[in-house]
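Next come two complexes, and both contain chain A; in the first it sits with chain B, in the second with chain C.
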Partner chain A sequence: MSAQQYDVIVIGAGHNGLVTASYLAKAGQKVLVLEAREQPGGAAQTREFAKGYRTSAVAHILHALHPKVIGDLGLEGHGLKATENRIGTSAMLPGGARLDITDDKAATQASIARFSPADAQAYHPRMERLVKLAGALGSFLMKTPPSPSPAANDFQTKLALGMFAVQLRLMGKKDMLEMSRILTINVADLANDFFESDIVKGLLGFEATLGVYLGPRSPNTVFNLLYRLASMNVKHGQGGLFLPQGGMGAVVDALVKAAKTAGVTIRTSAPVGHILIEKDVAVGVVLANGEEIRAPIVASSADPQRTLLHLVEPGNLDTEFLRRMRHLRMNGCVAKVHLALDGLPDALKQAQGRMVVAPSTNYVEHAFDCAKYGRVSDNPALEIVIPTLSDPSLAPSGKHVASILCQYAPFKLRTTTQDEARTQVLERTLNVLDQVAPGVRNQVTASEVLTPHDLESKFNLSGGQWHQGEVTLDQVFFLRPAASFQQYKMPLPGLWLCGAGAHPGGNVSGAAGANAAREILNDIRKTTARKGAA
Partner chain B sequence: MASKYDAIVIGGGHNGLVTAAYLAKGGEKEGKNKLKVLVIERYHKVGGAAMSEEIYPGFTYSTCSYVCSLLRPEIFRFLDLPRHGLQVIPYEINSSPNHEGEGIVTYSDHDRTRESLRRHSIKDAEAYDHYAAEISRQCRFIKPLLMVTPPDPTRLNPFAQNKINPWGKRNDLEGLLKIGREFGRMGEKQMYEIIRFWTMSIGDFLDEYFETPRWKGFAAASSIIGTALGPYSPGTAYVLLHHYMGEVDGQIGAWGFARGGMGSVSKAIASAATEAGVEIRTNAEVAKVIIRGGKAVGVTLGNGEEIYARTVVSNADPKRTYLKLIEKSDLDSIDPDIHAYAKNFKIRGSSGKLNIALDGLPQFAGLPKESAWGTIDIGGDFDYIERAYDDYKYGSWSKRPFLDIVIPTTVDPTMAPPGKHFMSVFVQYVPYKLGEQPWTPEMKSAFEKDVLDTIEMNAPGFKDLILHCQTRTPWDIENEVGLTEGNIFQGELTLDQMLFNRPFPGLGQYRGPFDNFYMCGSGTHPGGGVMGAPGANAAREMLRDFKHGVV
Partner chain C sequence: MTHVQHLKPFLKKTPFHDAMEAMMHGAGWIRWQGYYSPAYYDSTQSEYMATRNGATVYDVSPLIKYAIKGKDAAKFANYLVTRDLSKVAPMNVAYTAWCDDDGRMIEEGTLFRLGENDFILNAALHQLHWLNESAYGFSVEIEEISEQLAGLSLQGPNSRAILEVLGVQGIGKLPHFGIMETIVDGHWLRIDRAGFTGDLGYEIWVKPPDALWLWETLFRLGDPYKIAPMGGHALEMTRVEAGFILVDVDYIGSHHAIRPTQRVSPIEAGIGWAVSLKKDAYFVGKRALQKEKAEGSSRFILSGIEVEGRKPAPGAFLYADEKGTKELGLTTSAMWSPLLKKNIAFAQIPMAYTKPGTEMWIEIWYPKEKKIERSMVKCWTRNRMFFDPPRKKEIV
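Take a look at the complex of A and B:
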């Protein structure tokens, strides 16, 4: 081998991998991105699931893409329209009743008032308070998590912590106390404190449990709600829910363009076999076909389990760290259902762009009970979007696509086989869907079900967990992915983590990738300074 | 109106009595500002939930709480409780019967437990060393927190004493610094473990160590007792500590029986209080706290009698105190949020109690005879407990409940006639209401039958030994003992209701929203269990205010 061609190898061309690569390349590093599949994008791509029908593969709503990432990488210049096709949320009840939540305050109030006048009055003040509290948490999304031991932090981190403390203080005593109270409580209690109607409580319960293996009555679920609200804040996300034109693939297209412009080399169909380790240091990767590529820095956007348990060969990491990795909670519990539709029932046409079926707290809790014992929910809670309403090009003319999240379908099944689970997910999703939109079942011409198992095998997401590890209080901030390794640097020198498995976690936000790139560059600067001094 | 008393304590539970005794003695430096104290108790004797009563002729029942460990040794020594007749007999064995095979037995001796575990799984026996070490590390951190007043994080100077003396240094600042130093000494890794531990579920925690399902279910028991959560609910790992940090005779984590039932604890504290000059009035129910000009000045009894005092301290739970004893208009004139805090305070009862007089000693399936000397937990794996929890979640009692059984008469012959036994059965989960309906006698007997059947299944022949059975649902516990919704901790022990948020955000330092008004029950930091710490902490804060002339 001649002189090293690359400074950095990024494993995985998911959105975070591309963000890291772009930031590094812009800073003058020579970067190679290796992607196992034929096209980049990971969980954020647009793909054909039935002939002529396309949709976003896993994530289907864009809300968290960090404004700083959009600006730094000039994504808008590369064709991304991040705030196009803004959508509202409809909570759907069996029988056709519906509650619409949109930007129009008066209309939203009127819609809630049909279920409960008291809730209509309470809704906006309550939610605005939650958003305010979430905003304070959100300021940490683009920061590297500090260490709880003050001595271990550098000046930058101390400054960030200080700013956070000031921000908390500025919220006022009442809000500070409220934050400390609700951060760890369960969403069922919070909903009961705030509202009286089942439909509003059910919706809140769904928002708080989406993507985590917890039910509305599990403590710490309010944290997940705040986490979602933080990323929907204009300061830390795009400020609402959006269906990008062209599906999530459009985001990836812009990221790929940005990366290429910055000089990044992207190789697809190049699965990494393992990370090359010499003298206890990561020095490159070995592809599945045996090809060796060397670089002083390897940044993996694969999830922590895949990176540290599979790509790093056994014997290179200490056992306690490995035990923690093995016990990361990543029991994916959301299945994705794609339907090709001949036409659209009125119920789905008239509702807002995002439809939720979670009629009450107990409905979601019952759905969770099934998952608790390792079964697919008998009556799953659903999130439905019809991307073809805003982008007809995703299906043949006049036809539609429904993209549905089915919660809960746990990765860890007890007695159900994978094939049974897939049938159950489709059958039960259609049952529930047919209740809120009668007749939809007859309009389905083709369908695809991606259970958490499929997400693992097709998209390399361990446990089918699309946040690369549940975003719960014991797995966030300086505990993500593991204590002492929250600053993107892994226990193997030269190896970095830059995916959603690192702080601040999932959603298509790019924050983890941007933070990792910053840390990597800091490290490079320090190393060169040391070498220069020597 | 002349104040005859320096302080009135509402409720003669163990914490109220501890507060009274501390106040009358003048705090830990005995002799300084001794106060004249009156304890008002509605029942005909003191004790609250730490009570011994003869319900069936010849038998002494510990009617509510049933074992002793958490009572702080500081209090034990300061009030000289042994001299006042309190004797705690430690027991050394915990077990769980198994009607399909061998039961689980653990001992207070670590090595013996490990050997016992080897019979189920060699891997678990090996892991037990690491597990026990981790638990004691966690306990070491939390114990110093029990006897300090939690700082208010929202104040500019979190250690400021009160509004009269906002820049004053707290005495317990020293204690907190000590905790801080302790935390610092631990090293980064241990800090992370603590932070993680406080937010995780006991299920996840045990899964990291062990493999035997029944053993994991058994080990999880302490985490769910008294809570309205299942083993896979986050935050339950902390509750485990709450049951592990006790001690008997300096042996950490040990549990024991109070000789003569739990009433002996209250009796001894009451005797120490009386000796110090505390006046105790029983059969007197406080109806209202009298608030004038934003100050608590006394109480009105149920019969209309008014008693005035310089300070009022409530041992009742936060909901009862702020929603029943205090007028809403009085609260609203200070801060309308307090009423909302009180309304939203989580105090769901989740446990019932069966007190049974037995003709002889039952034999539990799969266990050695001596297991009856300690606690016997009837349960199973996590699923067993989760299913029991599911019943509760949707408003019913657990059809196959988790039971924590003790037979104190095996080591304390004073509680039953020779050859007979008293059995205390703690039942989890039992709701306060069934759906939205109150308990009916039929429902109560159906519940009783489910519990007795569960015991019979694990101890064949048990039912034939029953002489008398007293059944208490959370509904009964509220009406008979006065604990709102029958919650044994005076408020759920979840992170949002701990430290400076216990009872309510902003009122975490034993002081109420009114001047001269205080709280001293388990509804304040550090929470429930027959611990006495809230009572002692509250007295310390009150004495400080007396000393500084705030009241």
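Take a look at the complex of A and C:
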């Protein structure tokens, strides 16, 4: 192969990899995307798990795809309908009681009032306030984190920081103080401050701990809640929860089309063995089959551990930096359960599109207790989605698919084997499910369980962590993936991170990919200018 | 003098202890890495003179030694240290630094390359944690072997003659920084031609049970060659004359610096020659050191200076002018050299002043008749290796 055929190699055709590739290609770079699996999409794809039954393989609800990414890449022109099939949330209690949260404020209030009139009154003002606070954080999603040394920041970064301060101040004194009070506390305390009914507190506790190895009483969980709520503002996300037609794969289909239109080459079944390094600089990649492909820029959308501990061979990065990477908190704790269903019990049919089983703070905390000691939760908290309700084409006619997040199933297990964990996840999920939707167990005709371990081996997510590193205060913003390396540029010259392991982190948002592309282009411009001057 | 009475129960004895104790005339024991180590036996002056004019032995057993072996040992060692080990053949010693991510020096010491993938790292401070952390991803085994070897440093102009009468074949051909292994009277010996005195000298390593045999034999055969024991105080004098730096004296090891600015790069510590920025492989801190070199951002270079007069100048400030309006830096180690008849010191001075012969001023505070007096005298930059006799590297 002739040298320097590509300007940029992007590792991984997950949504962030595709976003980075598209931005770079639109700016005139010749981009090659290398994907290890047979199809693009990474953790955002639709796949068949039983004959005739398809579902979003990992992420299953669209809420955070950044509007700027959608606009910049013209994803709607490529077939994306990001705000189709809006869904509400039902908190389900064993025995059939249910609380529905929808866009209909009055109906939502009436539904909450059946559990607590006080909470019915409090719900919207409280949640709107949280969304407002989250919005202030949300404006950082599409910004490159600043450097801790003030002199190293350019005008744009300083402006963004200044605007953040202004925004905080504009929230008014009360909200600003509230923000500083709640940012680091645990969600159980927040829920006690706000509400009185177990069902609302349990729901809030679940929202705040989903995807982190923390329980509702762990500090820092309010931050995770705000992080998720940021997308409820239409400036930073979809402004609600959506089930895309065709599953998450539809998002990736649009991204693939956008990338190809921009001139990106995508090669699937092309796993990268290691990054090619010459004279301490990344100059390309070597595929697992030995093929060498060169490019002056390598952008990896694989997680930081995979990229920096495995794809970069030992002896190329500094000791303390590698220690930081090894110690990233990446203990994935959410398992994915896919069920093929003969029919749908009424309980699941009548509820909102997203059902949550987290009856109380204690329920979630107890579920976490198991995980804390390296076991699958005895009674897991669940998030259930029936994608076939909005898109019947995902299953044979009249049949259904349930896509379930089972929390907690920790990656780091103490004595449980992987096979035992898989069985336990399925068994315990079905147990809990049967309590809120009696009879569902008998309608299961096929099932698939993806434990965090499976997510690691099948989707190359280190630790089975959905967000390529937990989104907690110590692992976000200018600390993601590590202090001094938050600007997508890795210490190895030529190597960039463009996945969720970099700021702003997880969710199908594309923000990390877009930010990385912007920084890469800035760097190319600077380098060209320097060469021009010389 | 260091008082160690209260530490006595905690200190261990090296394999040479009984032999040393018999010659200990004063209360000369000090603690070195948890072992009894002699600061002096009788008089520092006589031990110093014995080293410079005859030969002395110093017990180096307390040195911390790490064996590094395994498939990737060469790759790992080359990643760990600043020297280019691809240029160090087996059975050779490399003096080198090792740094943290920021290119600040953790420590420096000697690395023995015994085979392609067989090394021993000698350190003054414990490094196992750092070695293990750095070894992530490499197929290497790292083991502390400090107590598996006993070592005597035999230094001085007569040292080779003593090894010849001991019956070490080919000792004359052993090059400076070379290593050899041999059997004498059924005892295994590893000898390297290095030391801390800057003179002709060797380090002799034996299995601990052979330690007293080695001591006794050296003193018996070495008697006509004026062999004597030496303590740490005399060693301190010789190492300053030789220009060798010492951790936590001439620089602060980066892992225990209190302030980040206390940490120094090997370039600043005056051993820039041991940093191979051009080596093929990456090493820890390389990018930071390349940046320091490219930007010329070294704050100072630890250099040798010769001071006017005879008053030793430890911890003294250097100035560009007699009035002392422009401060240049600070001395670390300093002494009056009885052999060279010179007042010498190591000083942290800006790059622009490192050319030998550059004149500066130095402010020395000294005790005189129960008063502290100040003198401002001239000093000049010198090669830090004040004492460097041709016999150090001579092959016979």
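The rule is simple: the second predicted complex is superposed on the first by the 532 of 534 C-alpha atoms of A that agree within 3 Å, B and C clash if a C-alpha of one lies under 4 Å from a C-alpha of the other, contacts with A are read in each partner's own complex, and residues count from 1 in each chain.
In this section, a residue touches a chain if its C-beta (ideal position, glycine included) is under 8 Å from a C-beta of that chain, and two chains touch if they have at least 3 such contacts.
From a predicted model like this one, the values you see are computed outputs, not experimental measurements.
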Give one word, clash or fit, describing how chain B and chain C relate on chain A after superposing. fit
For A:Pro314 in the superposed arrangement: first (chain B), second (chain C), both or neither? second
Given the overlay on chain A, how many degrees, to the nearest 10, lie between chain B and chain C at the CA centre of chain A? 60
For A:Arg323, using the defined touch cut-off, is the partner it touches chain B, chain C, both, or neither? Pick first, second, both or neither. both
Mind telling me which of the two, chain B or chain C, contacts the most residues of chain A? B
Determine, under the contact definition given at the top, whether A:Ala110 touches first (chain B), second (chain C), both, or neither. neither
Of the two partner chains, chain B (first) and chain C (second), which one does A:Ala97 touch, if any: first, second, both, or neither? neither
Quick one: classify A:Asp280 as touching chain B (first), chain C (second), both or neither. second
Give me, in Å and rounded to a whole number, the least C-alpha distance separating chain B from chain C in the superposition. 5
For chain A, which residues lie in the overlap of the chain B contacts and the chain C contacts? 323
Chain A contact footprint on chain B (complex, rising order): 153-154, 184, 187-189, 191-193, 195-196, 199-200, 204, 207-208, 229, 232-235, 337, 344, 346, 383, 386, 390, 393-394, 494-497, 500-501, 505-506
Could you list, by residue number, the parts of chain A that touch chain B in their complex? 147-149, 152, 173-174, 176-178, 180-186, 189, 193, 214, 217-220, 323, 327, 329, 362, 365, 369, 372-373, 472-474, 478-479, 483-484
Could you please specify the touching residues of chain C with respect to chain A in the complex? 72, 75-76, 78-79, 100-101, 130, 133-134, 136-138, 280-282, 284-287
Can you list the residues on chain A that touch chain C in the complex? 279-280, 309, 313-323, 326, 491
